[in-house]
Amino acid sequence: MQQDIGQLLIEAATLLVAGMTFVFLFLTLLIGAIHVIAWINQRLGAEPTIEHAVAAPAANPTEPSQGVISAISAAVHQYRKQHR
Amino acid sequence: MEKLAILWDSTALAHFETGQIVMMLVGFLLLYLAIVRKFEPLLLLPIGFGALLTNIPLAGFSEAGGLLYYVYKVGIDTGVFPLLIFMGVGALTDFGALIANPRMLLLGAAAQFGIFATLFGAIALNYIPGFEFTLKDASAIAIIGGADGPTAIFLASKLAPELLGAIAVAAYSYMALVPIIQPPIMKALTTQQEREIEMLQLREVSRREKIIFPLAVLLLTILFLPTATPLVGMFCLGNLMRESGVVDRLSNTAQNELINIVTIFLGLAVGSKLSADKFLTLETLGILGLGAVAFAIGTAAGVLMAKLMARFSSNPINPLIGAAGVSAVPMAARVVNKVGLQANPHNFLLMHAMGPNVAGVLGSAVAAGILLALVG
Amino acid sequence: MQQDIGQLLIEAATLLVAGMTFVFLFLTLLIGAIHVIAWINQRLGAEPTIEHAVAAPAANPTEPSQGVISAISAAVHQYRKQHR
Amino acid sequence: MEKLAILWDSTALAHFETGQIVMMLVGFLLLYLAIVRKFEPLLLLPIGFGALLTNIPLAGFSEAGGLLYYVYKVGIDTGVFPLLIFMGVGALTDFGALIANPRMLLLGAAAQFGIFATLFGAIALNYIPGFEFTLKDASAIAIIGGADGPTAIFLASKLAPELLGAIAVAAYSYMALVPIIQPPIMKALTTQQEREIEMLQLREVSRREKIIFPLAVLLLTILFLPTATPLVGMFCLGNLMRESGVVDRLSNTAQNELINIVTIFLGLAVGSKLSADKFLTLETLGILGLGAVAFAIGTAAGVLMAKLMARFSSNPINPLIGAAGVSAVPMAARVVNKVGLQANPHNFLLMHAMGPNVAGVLGSAVAAGILLALVG
Amino acid sequence: MEKLAILWDSTALAHFETGQIVMMLVGFLLLYLAIVRKFEPLLLLPIGFGALLTNIPLAGFSEAGGLLYYVYKVGIDTGVFPLLIFMGVGALTDFGALIANPRMLLLGAAAQFGIFATLFGAIALNYIPGFEFTLKDASAIAIIGGADGPTAIFLASKLAPELLGAIAVAAYSYMALVPIIQPPIMKALTTQQEREIEMLQLREVSRREKIIFPLAVLLLTILFLPTATPLVGMFCLGNLMRESGVVDRLSNTAQNELINIVTIFLGLAVGSKLSADKFLTLETLGILGLGAVAFAIGTAAGVLMAKLMARFSSNPINPLIGAAGVSAVPMAARVVNKVGLQANPHNFLLMHAMGPNVAGVLGSAVAAGILLALVG
Amino acid sequence: MQQDIGQLLIEAATLLVAGMTFVFLFLTLLIGAIHVIAWINQRLGAEPTIEHAVAAPAANPTEPSQGVISAISAAVHQYRKQHR
């Protein structure tokens, strides 16, 4: 049984290393993602102020109509083409 | 190292299928529409998020034991969620404008032509190879023309659960698109003169009438269309709680916390039906097309009916208000008001359009009951 | 199969006619009902203002007691007589 | 035409049975009582509406797969709804008046005589041909005398589910009728002089006492009457959340949104038991009669006990407050106050009546536990 | 008399077992901590109360048909309750401070060392006779070091349900003890000079960044750690509802009524696991000890990581903020602020500590996902 | 059957007596409990005012740490000793 515990301990140690590695990798990736978001945000320029957004709720959902429906349609076509 | 290999194998990267990726893009598209374009965000945000979650490989959100699986089973399979939403909508609805001018119900009736014509169209689509809609499918699709989310979800869950995702997405998308779909049709079918017509102010409606009204609606539904009583019944319960004035705390809860909680779960559960094998099909394209047709026909039928009524009415009727008969409360009524103002800056049609607008809710619930009775 | 679609189309057409007929009949009935409600409402005269109703909640549920219980009792008796 | 024929056949008109029509009238009667007469509208409105829905032919609200079926199964069969209501009531209850004057508990005890005497009466009723109440039935009926809705529903769901509809309706109706049933009894058993008695002001109660109180009640219940712990336990949880002051957000939710949501569903589920075969029976008449007797006996016992206590007390006791021992919070306490004011315009008994009133809630929960232990 | 004998036999007095009495004392202890010491009262009050109820002899709260049985089955067995809490926490969390200074994520990562080191420690404890922790047990215990209640409950319900009661109690107790556990460690590992360091003001974060952030987190989790998507997904849904600004009514409900309702039931359900046979074991002692170790190691790792980062950073970093990486939001950040103020009365670290603090929430959810992937 | 009712009546009468006795005993005990609570309350002296409690929520949960954990530990030890 002592041996079993030894084996478990090795497993636990691997978990420790693998786990911490993964956590650091993952959160480092997220740091990169935040920098990318900030960069995109700057490129997009000043956002509409919140006041504006609140003042005109659901106000002008203009023209996207074609875009939306055709985007979904395109997706379906694309997919079906591949899976025929 | 071996552990890291197992971890890598447990990432989604090794398991993604094209369909899942496409559906995630659809999910992001819905989130974009909800957040940036403000398309019916209360529903499309949770639906879009649900679509993301359900398509994650290995996560099993919609498999037995997963969160979305439970939510769907408990709330949609049973029909409970759309009925609770309907109760909340009933508690939010003021029938005053309709009671003051009951003939507006005819506009709510006419707009249902969008539903039944689309049913015909869906069957006709079967001539195109690849489409094989049954009458049940066609009915569930056609109800999109009712422009009422919970009604569409309720009917689809009964008649064609495998199409539910596409139907719900189409219904809410087109409801959000009402300001784009309706105005050209409204303008094409009316003259500048007609759009300028101002209507007489509505009489005041007493509290007593407002209390009796939901009971009368329920009574007629019980007598003539029992299959519509789940929807109409819960709607009338909500409205009675609102108008009775003796259970305000229940009414407030139904209008706020309860409907909010149910909306979150309803959206997630609908989103869980947006899987590649059910959504990325030819049927979805048909549904999207038919839905647009249904809205257009319903709008046109409402406007034409209003023109017909104007001819026989002693009081002036602006035919624009017919467009509000498709329901899509309160968006359609606002669109009527806006188009009316464009024609005549002193013409405030909002209150007049609320009558056909709420009539449209009843009309499509009745239509759903008819379809359940004849096709279900 | 084309034939099947033809038959489905006929069914759909019947549904279209029957459905719209029913919808119009139903909502026309409701118009009548609203007129009846308005008529009843006028006959009953001015209703107690809401202020009053709020001011005296659950205030005077007077005498109905006998009425209530005896109404339910009568209903039960009536029903039992018929179903003996 | 054929479709219209099917539609006609799917209307309720062709399928109504007399019993269903009668029960719908009962439903409308309950709605009338709730809305116009303001009889316990929070419960009677949903109960009445549930009675309407459950009796619609072909709609199947209470059959497997129907909305009310699910609500009943989930909430009443399991006992969860009445227990959650009880938690909310606990969070709404202030025991200050009782802690300041603990002897008031004896009035809450005496008033339970209404329950046990009615149990005897229900069995005696078996001598009349047509009545065949078992001890379980009799216990479930007798608890109406406890004047506490959730307790009655909880006990009836355990001991006599088939009588639940009638028992709940009787309990809430009589609770609403407290202002009519009690005053004559109170006046018959007291002299003008007694009714004029003014009582000493109550001492202030510290927050610490209010926190320990629900725990003490729970502890005694655990030790001596475990069968009452579901009811008493949830009640004390609610009260502890209220008084502890550290979980105000939970306490507020229990007092408002949660109790409101559960009340809507509880009412509908109780209403779903108002079907002709279960309600239009001789038993229902017996239940209605016994319920009135129970209330009357409980009131009398409370008043007489108060007179007895007045004799041995150094502080003045107005015997009217004994009537509040039946619970029916806060209606019975208000009635005491009103009758007291009629005798002596300077006599405000409300706070003094709150003691026996909340004692009555505990008393009937204890009585329910006894019946569960001995009969269940 | 016979009836009184039956009643006596139905009292708990005749049936109490020692273990139940001890567990009731534990329940009272938890109530004391919650009410008097104000230790995480939102959870410890219902948990303590649940512990009282579940240990009542004959009452059967946690047996089939009992209230707590249902609540546990519905909410914890399915994982639904912790996920809903996580959605609410997401809706309550402001990631602004983290987005402004993303390197703080490394502190949230370092603090997870408390989890993995404790996992190792739990296995090592098996050398002591009497302990036989499996890898699953050890993982469920170690997650206490994540200092995040719902994460711990979620993971324990998946990996070691029989230890759930002890783990949840330990997690919430230590979270309440953060102000006592952390300061000595923080002071031991830093010099007075280091603690005096003032940090630069954070830049402002735009609404757009806050909206994209939860989606980016979700996307990375989907790609690299699908097993963490239930926790992270619901958290991000709540945060997206908050930041999107288009579904404020849903966000408010998720932050208030919904999380309150779920908290009551979650607490009761966790309490129902505090039975003598599961709690009064050597394992519980191990869990309590390991939990304290996990917190201490996590705190130390966070502080040391902050010291390391300070060396390579151009901007000044006060190493105290590393302690906030264990999460325990917002308590740990407040502790950092307080210790900082002790060293330098002009040093307000609260906002700077919020970054690692919310990073710790993500970190422990990621750690839970890793454990589920490798051990589950 | 009349006999059965007689027996039921006797049972009901016993229930009546036993039930009322128990109710009175129980609530009398509760009276005692309230007096005990009041006595304890007085002995403990003035409680911290609510204002204070609200002003310093979760402020100083000081030193109990050792107490708490060791209390639970003691309970576990105690129990295990007895149940070995």
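Brief remarks on what is shown
Going in written order, the chains are labelled A, B, C, D, E and F, and every chain counts its residues from 1.
In this section, contacts are C-beta pairs under 8 Å (C-beta built on N, C-alpha and C of every residue); 3 or more make two chains touch, one makes a residue touch a chain.
Chain-to-protein mapping (UniProt): A, C, F = Probable oxaloacetate decarboxylase gamma chain; B, D, E = Oxaloacetate decarboxylase beta chain.
Predicted model only: the values in this text are computed from it and were never measured.
Farthest from subunit D in terms of Cα centroid separation is A. Under half of the residue numbers at the subunit D-subunit E interface are used by both copies of the sequence. Chain geometry summary: the mean Cα position of subunit C and that of subunit D are 30 Å apart. Averaging C-alpha coordinates per chain places the centre of subunit B 25 Å away from that of subunit C. Between subunit B and subunit E the centroid-to-centroid distance comes to 41 Å (mean Cα coordinates, whole Å). Annotation for subunit E: residues touching 2 or more other chains are 3, 7, 38, 224-225, 246, 257, 370, 374. Counting only residues that touch two or more partner chains, subunit A has 15, 18, 22, 57. Residues of subunit E that touch subunit B in their complex: 78-80, 83, 211, 215, 218, 222-227, 229-230, 233-234, 237, 240-241, 244, 246-247, 249-250, 252-254, 257-258, 370, 373-374.
Only residues 98-99, 102-103, 105-106, 108-109, 112-113, 115-117, 119-120, 122-124, 126-127, 135, 138-139, 206-209, 212-213, 216-217, 220, 224-225, 245-246, 359, 362-363, 366-367, 370-371, 374-375 of subunit E touch subunit A when the two sit together in their complex.
Interface residues of subunit E facing subunit D in the complex, by the touch rule stated above, are 3, 6-7, 10-13, 24, 28, 31, 34-35, 38, 41-42, 45-46, 49, 52-53, 56-59, 61, 65-67, 70, 256-257, 260-261, 263-264.
Of all residues in subunit C, those touching subunit B in their complex are 2, 5, 8-9, 11-13, 15-16, 18-20, 22-24, 26-31, 33-35, 37-38, 40-41, 44, 47, 50, 53-54, 57.
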